[in-house]
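One chain, subunit A, appears in both complexes that follow, with subunit B as partner in the first and subunit C in the second.
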Partner chain A sequence: MKRAAAHALWSHWRRHPGQALTLVLGLALATALWTGVQAINAEARASYARATAVLTQDAQTTLIARDGGTIPVATYVRLRRAGWQVAPVLEGTTRLAGRTVTLLGLDPLSGPVLPQTAPLGSGGIAPFIGPPGQLYAAPDTAAQLNGAVQPEIVVSDDLPPDHLIGDIALVARLLGRPDHLTRLVLAPAQATDLPPLDQIAPALIRADPAPGSDLAGLTDSFHLNLTAFAALAFAVGLFIVHSAIGLAFEQRRPMYRTLRALGLSARALTGLLALELLAVALMAGLLGVAMGYGIAAALLPDVAATLRGLYGAPARDSLGLRPGWIAAGLLMSLLGTVVAGGQALWRLHRLPILASAAPRAWRRASTKGLGWQGGLAGLLLLAAGLLTQTAAPPHLGSAFASLAAMMLGAALALPPLLAGLLALGTRLARGPVAQWFWADSQQQLPGLSLALMALLLALAANIGVSTMVGSFRTTFTGWLDQRLVADVYIDAGSPETAQAVLPALRQTATAILPRITTEARLNGHPGEVQLLSDDHSYRDHWPLLSPAAGVWEGLAEGRGALINEQLAYRSGLAPGDPVTLDGTALPILAIYSDYGNPRPQAIVGAATFAALFPDRAVQRYGLHMDPEDLPALRLDLEGRFGLRPDQIIDQASIKAASLRVFEQTFTVTAALNVLTLGVAGVAILTSLLTLASLRLPQIAPLWALGMTRARLGQLELLRAGVLALFTAILALPVGLALAWILLARVNVAAFGWRLPMVLFPGDWALLGGIAVLAALAAAAWPARRLATRPAADLLKVFASER
Partner chain B sequence: MSVRSLLCAGLIALQPSLGLAQGFAGLASDAEGFALPQPNPSFSFPRDHGPHPAFRIEWWYVTANLSDTAGRDYGVQWTLFRSALHPGETAGWDSPQIWFAHAAVTSAQRHLVGQSYARGGIGQAGVTATPFAAFINDWAMTGRAGPGQDGLSALDLTARGPDFAYDLQLDADGPLIRHGDGGYSVKSPRGQASYYYAQPGYQVSGHLDLPSGPVAVTGQAWLDREWSSQPLAPSQTGWDWFSLHLDSGDKLMVYRLRDTDGADFNPGTWIGQDGTAHYLNDGEITLTAQETTSIATATLPTTWRITVPHRQIDVIVTALNPQAWMDTTPAYWEGPVQVTDAASGGAVGRGYLEMTGYD
Partner chain C sequence: MLLQVQSLTKTYPAAPGTDAARHVLSGVSLTLDAGETLALTGESGSGKSTLMTLIAGLDRPDSGQIRIEGADIAGWPDRRLAQMRRRQIGLIFQQFNLIPSLDVAANLAFQARLAGRFDQGWTAIVAQRLGLDGHLSLYPEQLSGGQQQRVAIGRALAARPALVLADEPTGNLDEATADRVIDLMLELVIDSGAGLLMVTHSSRLAARLGRRTHLSHGRLA
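And then the complex of A and B:
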């Protein structure tokens, strides 16, 4: 009996292959988006772990130059000869075979001081030192460089992309810096009777492991963003599954009745259907994981570029299969099926045998839920509003919680709102067809509401994220214009060179702005203090958040300091409060925005800087000059003073590089946006398909009254368009609220800066158009099926109940 | 001192994963590009106290037998090795010269070891002939000889390990001597050789910093200078090397190169009380291992009988501390020994023993 029943039940899918495909595809899509994002996150985190393991100098105490410059090799030798256990590191970027790479030069003979994880293979140090020497590189990087450079490229799985490790001699040659080091790694165990650092190397200071090296913490918000997106996409995908399962259950009602009448127990029937769901979940899960892998592989290069560019996190382009996210993907698929199909199963189990054939028995019941649904939505929206007001400074967790509450509340509020709008339409309608159209739309709303909720979420996410990205872009480009006041930036590399190049600079530049940055503790946090000359270009352009009179005079006269927004948020500071710089308290004159910098920073005038840090000399300049004179100046500085090309940078290049990083950052979000919208479109399609067969008894009388099938099909299309339009209009405030939470709460918590919100109504119109088009496209197939339906089908409605 | 530490030079490796490509077999690889020792050398001092970067390997090797005021014996080792990846010297990081050093303090109970590595070319390690100074990181052997004296005749010696340090003053009471044939020391019947001279007689005073506290010590020391490029035959697997200060005032250096492919090679140098050196040919000496000690994976002879019949030598050589294992890279055994007369059993001197190739 069971076998026969199973055969009968499952033959449904053979007869409706399109439906089977929809079900599997919907679940697979939902799983795919979720899995893809999980895979990206897992890969990125693995990259961090790898990088932390390899470049462990970041996690070790190092000695760096006080002035932020380089360390002469002679200083290193002096420390070693005095018994200090230090290892030299030379780091720099250069172009190799057309690729910009970071070179890390180590001395393998620094023995016990070096991190044990230095990825040297069994070849030993002779080939490593060379000549020609070896460069260790990640597989991708190695593939690009192999044969194109003279040193042998050795593949190492332990290295982040575009980071090469080589012997210090080789790296010094490649960087053209034979006499300088970037930092010295300090061994944990040092003899107790060493000469103190300030005697033997006064230009160096101890730097504890940089907070900036905590990549996991720094990038958490980025991954949380992606995960939130994935969860949203998954939720949207579940709407599809729900409607597909609902359809299959609806269509098989007569069969259930027959099977039950033949003696199959409710338990056995439910069991068979549960088994069916399990099979579907596994199949779709596997497919989804495979698709997720594809999505991740396609998006990962951009994510990796973002992480590298925005956070300096060394993420890799290539994707590995990790059991973690594969298992998570399958589990999500099963979970999704339970959520989407459990209700149907439960109801089936409880339905009386003879009621089973009445298709609208529980559909009508669900319309009664509109009232409490609206109430719940109201509560959620209220909670979302309260959550945004709680923590100050904003907390990432509460920001995302309010985001979730707001989105869910809005989705739940949609059916009651649409019902209201349709009721209004019914009241305003004139003529029998129009009245039927509105009334019928109301009748259909319960069946479509889940799909429309999915569309609402997708649209709101689209509006919210694009508003955030657009605001960010507008602000960021404006800020770049303000912040990059000089035309050309010069890093002389050492105070001596800085003095030597001055005459040459004076000949070309109309103004020379000395720049010094030094490591310091700002209100106890490690950060940096920068000197800002009193120059009109700063006065005119510097991006102060709260411009006030007398700020610049105060700075020049040493009456206070400026601090960046990150420090202000972190320490809860406002203008007028004192800020301590290495123990000296100064009043805060103003706060400035400092996008892209995760660390606290303060700015003081020349006199204050000299008083606070008397031993720091100028190494860098900003120049006001005619950009046309740059090639000549560059030739002169490179020729006479041995400056490298990367020590002389013009404003346009910095801007271009910054914007490139920026654009990459949001490629992923844009791609996920499109995918989510696509999933919503599929959700509408499956809902309409579900409704189409249920609606025949409602449509047949209209046809019998004289409406053509083509006309009925057009009305179906129109309805889909109208519902999509209403949904799009309702999505607008939801999207804007989302953007506000992202800009004013999530960003502040994640990055320490708040962005002004900029609105782009043109984009909204475009998005609304796309939503209507997507709905029309989804409705086209069911409408066409209706328009071309054999008249016999419609006649049959009158011949038998079903 | 003999070829003993050529192995060290060849096997220099900082961590297991950082081994130099030239392994033990690399010692026997050809010396292409490097200079080779030639017979009848004419050393010129102080110049030859300094480095010879045209040769692959070179060392400045001091061993000292010391005693404290309570009569307890100690051994001290200080060795600076130069190992060239390529012949020649270049200033800066590009220098092909690699320097490393071993230091040890041995008592009957303890054996404390330190090691040190450095690049050539940047001033972190090196040797200058005039004034004499050999240094690596914070270890140094610094000359303080007066004008007209040999640069190695008076030295200050310092080193430090994780749990010890020492500071010794060395003053020679005799001339430099040349091993082998006027300083040309043949290592194998197949022709491998090195340049090899020594200052075998120093009076030492100074102090050791031990975990138990500082100890004032006095005693004798021996300094070996050797350089070469291709020191071993392929079948020579290791060696046993002795330097002995006899109470008579005579000194004896003997070594045995163990050969898997035929007879061991077993020459030496006899240094009379007047400081004249006499070459001992292979076959004039017999070396017999009498007792062994197991350390880690190695089993080594730590009691030996040495006879040199035509010098009336028949002595038993016993390790002061049989556990004097140098857990360095590479690992070997090196420690002070006591010398007793084989017939009477009475003490007749002390010295140093090095054994390689047993692990």
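And then the complex of A and C:
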């Protein structure tokens, strides 16, 4: 009996292939976006894990130069002779075969200080240290470099891309830095009777593994943002699934009653339909995982570039198949089906045998439910408002919770608001067609609500994210103009060279601004202190968040310090409060914005800097000069003082590079935005297609009463456009609220800076236009089908009455 | 002559899996004058409803002529046929086919307004005579079957059509209600001066109309 019942039940899909396609496609799309993002996240995290495993000294205490520069080999030798267990590391970037790579030079003989240079184990140590030596690299990096550089490159799966590891002597030769080291890794166990560091190597300080340097932690917020977007896209996709399952269940109600009447138990019927849903979930899940792989493969290069550019995190461009996200994708597909189909199954389980299909009564119940829905929406929006206000400083969890509450509340509020607008339209309508149009739109609302809610979410996400990105871009561009006050930046590499080049600089530059940055503890947090000369270009342009009179005079006279916004948020500091820089307290004169820098930073005047860090010498300069003189200066500095091209950078190049990184950062977000909007478009199309067949009995009498099919088709098109327009208008405040939460709460919690919100009304109009066009495109097919529907189809409506 | 049907034929192509085409109407001819009422009877599948849909311009005959108020509608385009239905025809269906999103008042006025000849006074009279004046703000789903059919009759007659076509208008109603509905319909049709062509299975109801004709296997008896 069950087989016969199953055959009858599942014959529905054979008769309604479009609906079956809708269901599978909706679930597959939802799963695809989710899986795609999870695949990207998994690949990136695997890259971090590889990087951390190989470059394990990042997680150990190191000794670094106080001035942020290099460590002479002589200092290392002195430490070793004194009994300090340290291992030298030389790190630098260079171009090999046209590719910028990071070279990491290690001394494997320093073990057990560096026990985890894992990839080097297989070939033994001799070929690694002996001439000609070896370089280890990730497969894709090795494939590009092998043959193009000497010595031999050995493939290691454990290495991040664009990183090469070699013996320290070999790397020193490749980098052209034979006598300097980048840092010294400190072995965990040291003898107790060692001479103190400040006596034996006063130019060095200990650098603990700072939380800020942990790649996974640093990039967590980026991945969280991607996951939030994927969750949103998944939710939008589920609207399609819910709509398709709901309609299929409604259409099969008479069949359920018949099957029940013929002796099939409610339990058996529910079981058969659950089995059907399981099959759909697995089919759509597999399809979704395959599509997700495609999406991830397409987006991963941009994500990898973003992670490398913005966070310095090594990430691969190529995607591997990982059982984790494949299983997670299938699980999400199942979960989504349960969420989307659970209600229908429950209703079916409780369906009395004699219950009538009563679609109109269902609609009336929907209308009654609008009040409850509106109330729930109000509560959720209130909760969202409260959540944004409760945590100070903003907490990432509460910020995302408020985002979720707001989006869900707004989606639930849409149908009651649209119903109100359509009722107003009905009241104001003149003429029978207009009156019917508005009244009929009200009646169609329950069937279209889910698709419109999906559209609202997609539009709000678009408005919110584009406002955030636009605000970020405007602020960032302005901030770059403010921060990059010098025309040319010189990094001499060492204090000696810095002194040597000074006469040459004086001949060309109209002003020379010495730049020194040193590692320090700021209110207990590891960070950096920067010297800022008393120059009008800083006074005029520095991006102070709370400009006040006397700030620059105070800084020049050593009466206080400036701190970046990150430090202010992290330590809850405000102007006037004291900030401690390596134990010395100074009053805060002002706070400045410092986008893109995850670390705490403070700025002091020349006198204060000299007092706090007397042994730091200038190595870098900012120059005011005529950019036309740069080529000559470059030739002079490279020729006479051996400076490399990357040590002389003009302002335009820095700006261009920064903006390139910036644009890359949001490529993925933009792509996800478009995909989410696309899913919403599909949701509208599928809803309209499934409604189209149900609407025939409502449309046919109008045709019989004298309205042409073409006119009815046009009205269907108009209805989709009007509903999309209303939805777009209602999405605007939701999108702006979303942007505000992203800018004022999520960004602050994730990065420590708050961005001013900039509005782009032109973009809203464009997006509204796109939404209407998308809805018209989605409605075009069903409308055309109606306009060209054979009279015989419409006549069936009357004929089937007998 | 209000309606003149001459030598009308209609054949439907063979259904999938069958060989024979269905000859639904074969040379049907009939006439109807203004103010006249004609009952069309016949067994199921005899072609009654097809004849109605052809006269209403909802479908096209294979051959023959349909003249309404002297104009042959056979070659008219869809737009012209739709205009004719709005202005000259009042259609009443078995299933009422009211517009569920509009209340009774709007449903009653709908076709008249569509035809551009809405007369509030006449519509009020129609509503009052149909006993609907207390239900004008209700929606179709809130009415009984008899009430819904009265709204459908009112909708057709409020537009003052020249020709009323009623396809089994009481097929969904019990006998007593059907009698009341037919009484009201006949009263209003006669008062408005329209012609009425009504398809029915019921000989009893057919007998109440001025004339009756029987259709069997696509031919008039």
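Rule of thumb we're sticking to: the second predicted complex is superposed on the first by the 767 of 802 C-alpha atoms of A that agree within 3 Å, B and C clash if a C-alpha of one lies under 4 Å from a C-alpha of the other, contacts with A are read in each partner's own complex, and residues count from 1 in each chain.
Everything below uses one rule, namely that a contact is a pair of C-beta atoms (placed from the backbone, for glycine too) under 8 Å apart; a residue touches a chain by one contact, two chains touch by 3 or more.
Please read all numbers here as calculations on a predicted model, not as lab measurements.
By the touch criterion defined above, A:G550 reaches neither subunit B nor subunit C. When the shared chain is aligned, no partner comes close enough to touch A:P627: not subunit B, not subunit C. Shared-chain residue A:Q443: touches subunit C; no touch with subunit B. In the superposed model, A:P108 lies in contact with subunit B only, and not with subunit C. When the two structures are aligned on the shared chain, A:G642 is found in touch with neither subunit B nor subunit C.
Within the complex formed with subunit A, the residues of subunit C that make contact are 44, 49, 53, 56, 58-60, 78-79, 82-87, 89, 91, 93-95, 97-102, 106, 109-111, 113-115, 141, 155, 167-168, 171-172.
Interface of subunit B with subunit A (complex): residues 13-15, 17-22, 85, 92-96, 98, 100, 115-119, 122-124, 135, 137-138, 160, 162.
Subunit A contributes residues 73-74, 76-77, 80-83, 107-111, 116, 120-127, 129, 167-169, 172-173, 178-179, 189, 191 to its touches with subunit B in the complex. The part of subunit A that touches subunit C in the complex is made up of residues 360-361, 364, 431-433, 435-436, 439-440, 442-443, 697-698, 700-711, 791-792, 794-795, 797-799, 801-802.
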